[in-house]
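Residue numbering begins at 1 within each chain, and the chains themselves are lettered A, B and C in the order written.
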Amino acid sequence: MHAFAAIWAIGIATMKGGLRDRLIQSLLLAGFFFLFSTMVFSSFSMRQPMEVAINYSLATVQILAVLITLFLGLNLLSREIESRAGHGVLTQPLSRSAYVLGKFFGLMLLCCIVVAFLALCAVIGVLLVRAGTPNAPLILWENFGLSLMGILLISLLLGAASLLFCAVATSAILPFLATIAIWVIGNSTQTVKNYLDANIADQAMTPQLKAIITGAYYVFPNLSLLDFKVYAIYGLPLAAAQVGFALTYGLAYTIVLLTLATRLFQTRDML
Amino acid sequence: MKQLACLAIPIGLLVWLLVTFSPLYKNTLEPLRFPTYPPTIALEIMSLGNRELVSTFIFYNAQFYFGEKYAWRQEAPEYQRLFVALDKATDLDPRNMDCYYLAQGLFSDITPAIPVLNRLLEKGMRARPTDWYLPFFIGANYYFQLKDPVNAAEYMQKAAEISPDKDFFASLSARMLYQGNQTEAAIAYLKAFIKQTNNPAIRAKLTLRLHSLQAIAFLEHSVADFIKAKGRLPHNLEEVVHAGLIDAIPADPYGGTFYLENSGRVYTTSKLTETWKDHDKRHQDQQSR
Amino acid sequence: MTSAIKTSNLGKWYKKGVRGQKIEALVDLNLEVREGEVFGFIGGNGAGKSTTIKILMGLNRPTAGQAFIFDTRIDDPAARDRVGYLSEHPQFYDFLTPLELFRLMGTLRRMEGKRIHQRADELLHLVALADASNRRIKGFSKGMVQRLGIAVALLGDPELLILDEPMSGLDPLGRHLVANIIRELQQQGKTIFFSTHIIPDIETLCDRVGILVRGHQKYAGSIHEALYPQGSRFEITVRMPEQWKVEQSSFARKPLLWQKNVLYRFEIEETEIAATVQAVMDQGGSVATLEPKRRSLEELFLQLSEDSVPNLGDAVPTTVS
């Protein structure tokens, strides 16, 4: 019971830290301005201003949510460990696991707040465009919501990854860079796999390289699975099984990262 | 007081600089080049999960480039690069209708480009099976540029099946198939296209063509009137003017001269393609420099 | 009686560099801190004091041996239930206010909300931060953070306080405050374990000390036994009449330490005290001071460091001339 109270307390403190962080605040403000510029951005489209508006707003939410997650990981996890600010909490009677889970819980609260805020701006931006577009196509809001859900899951997964890197790294910048690498790799494994499967690159690739890429495809998180943007942009039908699979995949991967982070934190010497 | 001076003097200097140098800058424009984008797979990886956004950016870049190059600088756009870019953009997001629309606007009057243009539009047809514009474009390209009415009819049929505007297709195919009047059909197609675009450069490009075609239609009508009155084909268009059926031969917006073929059809020496009088020389100058 | 802190053969070593050179920070530490005493943990820089404290607080994991706090193994978080900790350079979540920080720490210590508020109020007054209770810690000066650290350490009314160099970052006023707090807590029967290298603190505050030299414990016991070993000599300062001449007296054979006007200071054996005092009075003089000959801690350190340490050799760079 105490563990839950501890996780909750650390989570709330972490959330306060995130919301009081100037960098996060300015990124949120940037998001606000970006999303209200949807009207301007989509006005250059010849044939599909609505599609461009949804595309632009969801991409903005995704990029900002990921950026904010990266900086949260840097400021609230890596820097905390490097600067010993976490010692105050760690020397209290609570387990390392409670500390790790508390930090993740705080990160999760922050991601939810960030995505919710950006989503609100995005919806307003899209609605403004729709008001100015005659014969606007129907917006599939459920797909729009699912895209936001996917973005939230990507943020959580990256947050868990940065927690995992913090568990092993001794400098603040390393987990930050490693998480960026995970983001980049996670977005490209599917592309590279498709490229391989299409047999375009057969001549250029040795079987060893092919095996490495296939291995990477299964080891690294596949963030493309959590990307439902195109279904929202073009109002395409989305199968429930696909959504269920993707969301389960994202959650399971996050839990695996979190468990590993908890394990590694157990034996870690704090600086 | 001092602070005010500190602020006022540099601001004044800035204003003076802007006023003095901005016209200068306008006259010494750098040559405007369209970029060559990296391969699609690289673009896809660099997009970090925002393929559709990158596709939109490429389209915007192409659109703005074309607008500045064609409508403002009045230079020949780099069509080859534009096409490759739009092809990459539609590989990234095959549903990006803007790209197909721009491609049709840019390349539908360049006959050698039609086969690749149609292949691009086919990609769009697969990705947007309910969009009647794409088969409509392909059909029009077959008909007007490749002079292939069989394929044209097939695509127009597909377009008509998914289009809510059945009347438009009925009148268009009537013109194409029964009257065999290419000029009228082309005017109908262009009008339909122009009505849908909000891009001024594309509109200008197509309107030029429309006006030329309308002039041809006007001349062909007068030739028909001449035949009705005299019972024979005029020797040339001047004869129609002398007969008092029209006041004058209109000018070709492309800069060519209209002439009459033995078939009774009117053609122009410009062949309805834009000529870039100064451009080639200027371009060579820049190259040699 | 249970001991507040007990370690058995506690050791910590790191692998450093690519070749994995083994660096021993702590070797076979057997420490016992009894309940109710003030224990000073002394050592130079890099002696292993901070490592020991970090192991006790669960920040570092030992590579050998075991440690207990109130008979609970330190790898159980519950071992820290009754411990308050102040680090050498305390750092807290600087985005919080002191009150928010107390709420967080109190919750982690399973305190009730009401009790947290009450303690926070008391402690912020104690460390003179009551005015800053709703300001973000980010804007605090170094001394303020240090004082806040003391308050946080005392929040749970702990039975054992572990303080890492509590005096080092403080101004004289802060030092006075800490010394007073330590004395008061000792009177309340609390146990205090603190590391330091500031010598006056040790004599005035500690019951017992442990001395650490390069990861090895060299001494553990009474501070007085360390500084004033059994059978040691005394120093006596006497005031003699003006015409008195040392060469002509019975003191001629005694080692004279110094002489100033009529004041003479001699070194004597403990057994000679009574006879010496008698002789001074017989010769018309008086005793000004009598005190045991005191070893300075510096001397003690030096002596302990010179003692043969088996694996000292690789830590000391050899100079080649």
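We take it that contacts are C-beta pairs under 8 Å (C-beta built on N, C-alpha and C of every residue); 3 or more make two chains touch, one makes a residue touch a chain.
Computed from a predicted model, the values in this text were never measured in an experiment.
Undergrad: If you take the mean of the Cα atoms for each chain, which one ends up farthest from chain A?
TA: Checked the centroid distances; the maximum from chain A is C.
Undergrad: By Cα centroids, which chain is closest to the centre of the whole protein?
TA: Centre-most chain by C-alpha means: A.
Undergrad: Please state whether A-B or A-C has more C-beta contact pairs across its interface.
TA: A-C
Undergrad: Whole-Å distance, chain B centre to chain C centre, using C-alpha means?
TA: Centres of chain B and chain C (C-alpha means) sit 87 Å apart.
Undergrad: For chain A and chain B, let me know how many angstrom lie between their CA-based centres, rounded off.
TA: 42
Undergrad: Chain A to chain C: how many Å between their CA centres?
TA: 49
Undergrad: Can you list the residues on chain A that touch chain C in the complex?
TA: 2, 5-6, 8-10, 12-13, 16-17, 20-21, 80, 83-85, 87-96, 98, 267-270
Undergrad: Using the touch definition up top, name the residues of chain B that touch chain A in the complex.
TA: Those in contact with chain A are residues 41, 44-45, 47-53, 56, 60, 63-64, 93, 95-98, 101-102, 196-199, 202.
Undergrad: So in the complex, the part of chain A that touches chain B is made up of which residues?
TA: Interface residues on chain A, with respect to chain B: 44-48, 51-52, 55-56, 59, 62-63, 154, 183-184, 187-188, 191-192, 195, 223-224, 227, 229-230, 233-234.
Undergrad: Write out the stretch or stretches of chain C touching chain A in their complex.
TA: Listed in rising order, the residues of chain C that touch chain A are 54, 57-61, 77-81, 83, 85, 87, 89-96, 100-101, 103-105, 107-110, 136, 152.
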